[in-house]
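Look for subunit A in each of the two complexes below; its partner is subunit B in the first and subunit C in the second.
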Partner chain A sequence: MSLKPANMTARQLLHRSVGNPPSTLPDSAISNCFPGLEFDFRNVWRRIFVGLIMHEADNYVLKAEISDYKHLEGCRLLRIDGHDATTIVIGPRQSGGPNVELATPANPDAAWFMEWSNSLTRVLHKAGQDVECVFTASPSEVQRRPNYAETQTAMLKIRRFFEPGTPVIARELVEPGDLTQSLCSPWQNDYRECACYYWASSRPDYVNVAPDGDGLSAGQNWMQRDRKPDTPVEERKYLPDDRTSDVFLSYDDLFREWQRVLRFIVAGYDRE
Partner chain B sequence: MSRAGELMRASVPRTPAAHLVDGGQLFVPNGSQLFDVDAMLYADLDALLDDDAALEQRLHALGVDAPPLIDDAPVVSPPLLAISLAVAQKCNLGCTYCYAQQGDFGTSPRNMPLENAITAIDLLPAGERVNIAFLGGEPLANRAVIRAATEYAAQRCAKATFSITTNGTLLTPDDAEFFERHAFAVTISIDGIGDAHDALRPTKGGDGTFDRVIERVAPLLAMQRAMQVSARVTVTPRNLALRETLDGLIARGFHSVGFSPMLASPTGSGEMDGASLEAMLEAMVECGEEFERRVIAGERYPFANATNAMREIHRGTHRPYPCGAGAGYLGVSADGDLAACHRFVGDAQGAMGSIRNGIDRDAQNRWLASRHVHHQEPCRSCWARYLCGGGCHHEVIRRGRTACDYVRGWLHYCLGAYSRLRAQRPDWFGNA
Partner chain C sequence: MKRTLREIRLLPPLAISRLGDSPEPVNNYNVEVDPKDPLGFRKITSATAILVNQQTGEVSDICEGLEITFKDPQGRVRPVAPFIELWGRFGDDDEWIHLTRDDIDVDNLHWRVRLGNVKAFRRTGDVKDRIIADSGWFTDHDYRAMDGKCENFLAGKVLPFGHVQFIKPTEQFPHIRFRFTPAEGKVYGSNWFVKKADGTYQSANSADQPVDGANYIQHDLNIDDVVYNSGDGGGKWAGYTESTGAALTIPGAIYAGQSGPNGWVSSGYLDDECDGVIEVELRAKEKLSAFSRIGAGPPAYAPDSFPIRTVYDELEQALLGWEIAPNDYTDQELQKESEEIIRRAFETIRLMSTTTMNGNQVGPAPDIASTMVRQDRADAERAFEPIMAETIVDNLAVRALHQNIFASLSSGAPPWFLSVIRRFDEIGDLSTEGRRKMPAMMRNADGRYLTLTRRQREKIRHAANRLTSTTETKEKKR
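The block that comes next holds the complex of A and B.
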């Protein structure tokens, strides 16, 4: 069966841009959003309590938006509506050793914050209601265990997560710019660090791949300096990343000249 | 069965979501999208046309289920970008079907004072593309105001365009120069060749006017460069020889020729009924087929109904109203009252304020809310609703929707013609 757009609106409405395959679109990409390239999902939790801004990945109060909560700034949230927001980290100090509390000088309580989406699951249905929240009594740089002795209590209202009757994240939960404020910066450290091809599904970093005749492959690795379409196959052999090699882009290249060394790819190749 | 009868039968709405044409085309009203489909898919869709849920699923699977491009929300307080000035509510002709009741709209004959024309023009935004149309009655019965108002508007609004609809009997060579200088779109009301025209458009004394009109229009036809001189034919049961009229007027040099059926006249005289609309469709298709032949042969054949339909189908025009009446376009009476359009002059149903007190936004917004095609019956269930927009407000309010079979039959024919022309003369549609 065939269906072919005939007039302009049919062509426009059915058009799928060649340049933007589904794997690059936020709603269909298989990629990291924690932090990520399209958005950083963790930011949806920053405003979950009315009047406070929390760290997106910590139980730390960044800022009070209303003066009544000023005294909570810098404190740590230990319990929400009777549920622990932190836990004690337990494990072996050495291979085969006994499980012990893993305290360190920087973390004397061996405590760790439990990621928001899990620790808030049990209270999200109370959106619009006040719930009892237990904080450290004073600002705390270090993590504290759930039964930490010096605490203070505040009644905090939980914000709703979705716009009513829709799967849309509630407007009051994220301000414009919130979801994209902590993205990876591909042209800086993160991509160089992620030479493990972490992004491979939606942003392949080894492309135009063809058999090289020796049972291996030849192609263009985004980290390689020489990525011209006419580079001979033998010079396009796959090479494992080597930060000391001149073959690959360096941190310096990316910091100083990302806009020159990482160009737009059109029809498979770098373009000026 | 006549060709027109077949078209009317084939274009009966089965679902508001889609329409199938001539074994090879799928028309999706949402966005006026047109697709070529093969025989297998056509048969498949044909079997689903009476099952809305299954059809919806199938369209979704085909990827042609874009979100609705027209919602229920009416246009609200739109900017005014076009006005018509009834500069003369009087006429020297006595056409029996005239919506303006021989020019005076049922009141005493009057001219629009220049002051009213200027106050009306001042309602238009100076920096925008605006259009000022001179109508009547017979507008040239008040030539001085046309001239002065045009000069004023050209100075005030740099991007003003002008149009006039006239019976042609009062035109002078001097008018030709003036209209050419201001690039007027001049529409001549002319209902046929010779006797056919004379029978419908006599003077009040009963004399024919065809020869006089042609004589008076000749200088304009010769001079038109910036100006465009078109013919508009009002079709009644008495002048159905459209092909003869079309060819006769094109041969005389008109820039384009268009036909409109007479659907609502104040006295009922000349109104088209079902049988005459079918006869008209038959004649329109005859003209359309000649249009196709000429376009394929690379010849100019300015049959306005066909060229407009091809353009609208090509663009995928989709609209919730039939025209800009009561929205960006208002009619102004000689006395300075605003109306939904030139046909509603002096009619309380289309009253929209006055040039002195401004647009009555409450009345306008009530109009726009009630006239939205989603609130019209039986339009909501018709596949052609966004191409047609619900039909001329004036005709619908006066007489109801009496021409739907004709409109759909014509659009159905045009969808097929579009497909044929696009296959044979894709260049005719430009590069878009």
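The block that comes next holds the complex of A and C.
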């Protein structure tokens, strides 16, 4: 098998310099960013269309950088090169009920935006070319379904994602500070505020876990202040997070001494 | 005579540093999967480490077998301080090599680092809130402070983003390296005293801080320094207020603050996270240049576990596309890649309270955590009910499920397997069956149910097809 140049370049993405731990590599950083830990990687898409600044997490035009696109500010991007950017939400209103479109006062079209990364992968190979983009005809605070009736069309040029021939994110796509700009300020606040357990391999949730006498798991909450890994299994209890309870680390604890109070977890257990 | 360099490159192209207040960075380590226990905890073992003398800028030793600890004896977090290597290609040769001082005239290497923290700017829109550190071009080997400057800072104040150093190649250690050491993870502020949402000062709490009058106000003990000017001629980050709006961050109001009559009021806090670029120019007869990117984030608190969907997966898909070409992988590579995705899913749920995330009722209250169940109700007014049957989601049971999946993938995936992995365009399916697809119970970058990248899903599809007759037609792939 012979590797194509692009495949060889891709391997450089995981180049591990001598002396660098695995946690320096991009495969140690989450990308289900809402907003993220190391980066809010969604920011890489803000400048993907030449002349526009898109919302990092939505199909909303934040700003037109050239006057020709001024009329698109505040509009929503509904289709990109023939592909839908939004989808319809369905499900039951009542438990056991039929699946229906889930329109709400805040979302009258029952429409949700589909993430940039998986949507735009279909057009990134057209960097430098114009693609047809369909927007709402006027600014829209609410989300719209892909077949929304009142639209306007613009031909937009796709920026290149990487510097030519390299695995480096293109200079014009991301400026210093962009990749972290929509993270929490300060990040310590998010460790308390968000209670985001969706990143458990980086920000653990359920630790010191072992089978109890009934064959179920018994463990502790990572944010629990006074836990001990050698607590007898029958006494280990996962306590649901409560920002107001002294049982858990507080905002002030994290602002002042996160280094001391947050513990590393190795093999599922408190390391120190 | 030195060979002619055709191209130079800084590797890795995107490096992640991790904040910490210890003067000693984490020693290098490996994480190893035990082939006899492929879903066991990865073993952390010592790896080749580089020790640098910050004063001289020289490597003092490259050694093996150092102890791996993530905090120092004083309880301080050891930062992760990555090395960036200069690689090159000569003449018509396609081979990249790590350059040494024997390959080029090191004195002709010029470096520049620019780092930014523009979190306040993203909210306020005031360009004077951008915090930028710019080293300017340099050739020396000093341990150089990267001080973030901002037009809305108080006179003489900076926000330290860490240090950079061009490691001096020596006869003993001739390779060309650069190092970024991130900041300590401090919180900076706009006022030494605590303000309430209405702008008045918080009285000192007499219970905690006995005082003899009511005129004392609370010191803000959360901040290391006041750097931001929130007074006359300054900025509006302290007191900035968010309510709702399409232009706000998603999620919104994610900054330290308190509730006010018009929304969430910022306390004016700043941190020392950042991201930016390291540039190098070889200013010889022909100028060659390259740059790489760097970021500084919190520690990886479970260093033997990895996320399901990562920044690498996004970059790989952007570079190679979502479809897998015939020569992209050998069968063995495809199998390994697919198993790694399942392993990472396993590592994530292993540290997750799956009963809570499933929306099970724990205690008297039915809605006890920030779960997809809560979000489905809040965003779409869907019926509030657990995702899976409540009796099958204990952490050990979910682990067993993943162990079965892993075993299936190793020996030939069953026909139903691919159909239970959520496609990216199925995020609107909140039916009972739709919510149970994998990855389950987790949130994605769009705030909806987590999906793999399309390329990750394709890896699994190809690996399964290699072993079974399972197919998903081109027409069904959108």
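Here is the rule we use: the second predicted complex is superposed on the first by the 154 of 272 C-alpha atoms of A that agree within 3 Å, B and C clash if a C-alpha of one lies under 4 Å from a C-alpha of the other, contacts with A are read in each partner's own complex, and residues count from 1 in each chain.
Quick note on the criterion: a residue touches a chain if its C-beta (ideal position, glycine included) is under 8 Å from a C-beta of that chain, and two chains touch if they have at least 3 such contacts.
Predicted, not measured: the structure shown is a model, and the values here were computed from it.
J.: Give one of first, second, both or neither to describe whether A:H55 is in contact with subunit B, with subunit C, with both, or with none.
T.: So A:H55 only meets subunit C here.
J.: For A:A10 in the superposed arrangement: first (subunit B), second (subunit C), both or neither?
T.: A:A10: touches subunit B and subunit C.
J.: By the touch definition at the top of the document, which applies to A:N147: first (subunit B), second (subunit C), both, or neither?
T.: neither
J.: Quick one: classify A:P204 as touching subunit B (first), subunit C (second), both or neither.
T.: In the superposition, A:P204 contacts subunit C only.
J.: Report the partner of subunit A that touches more of its residues: subunit B or subunit C.
T.: C
J.: Where on subunit A do subunit B and subunit C both make contact?
T.: Shared contact residues on subunit A (touching subunit B in one complex, subunit C in the other): 1-4, 6-7, 9-10, 12-14.
J.: Given the complex with subunit A, which residues does subunit B contribute to the contact?
T.: The touching residues are 25-26, 28, 31-38, 40-41, 44, 62-64, 66, 313-316, 318, 418-419, 422, 432.
J.: Per the contact definition, I'd like the list of subunit A residues that touch subunit B in the complex.
T.: Residues 1-10, 12-14 of subunit A touch subunit B in their complex.
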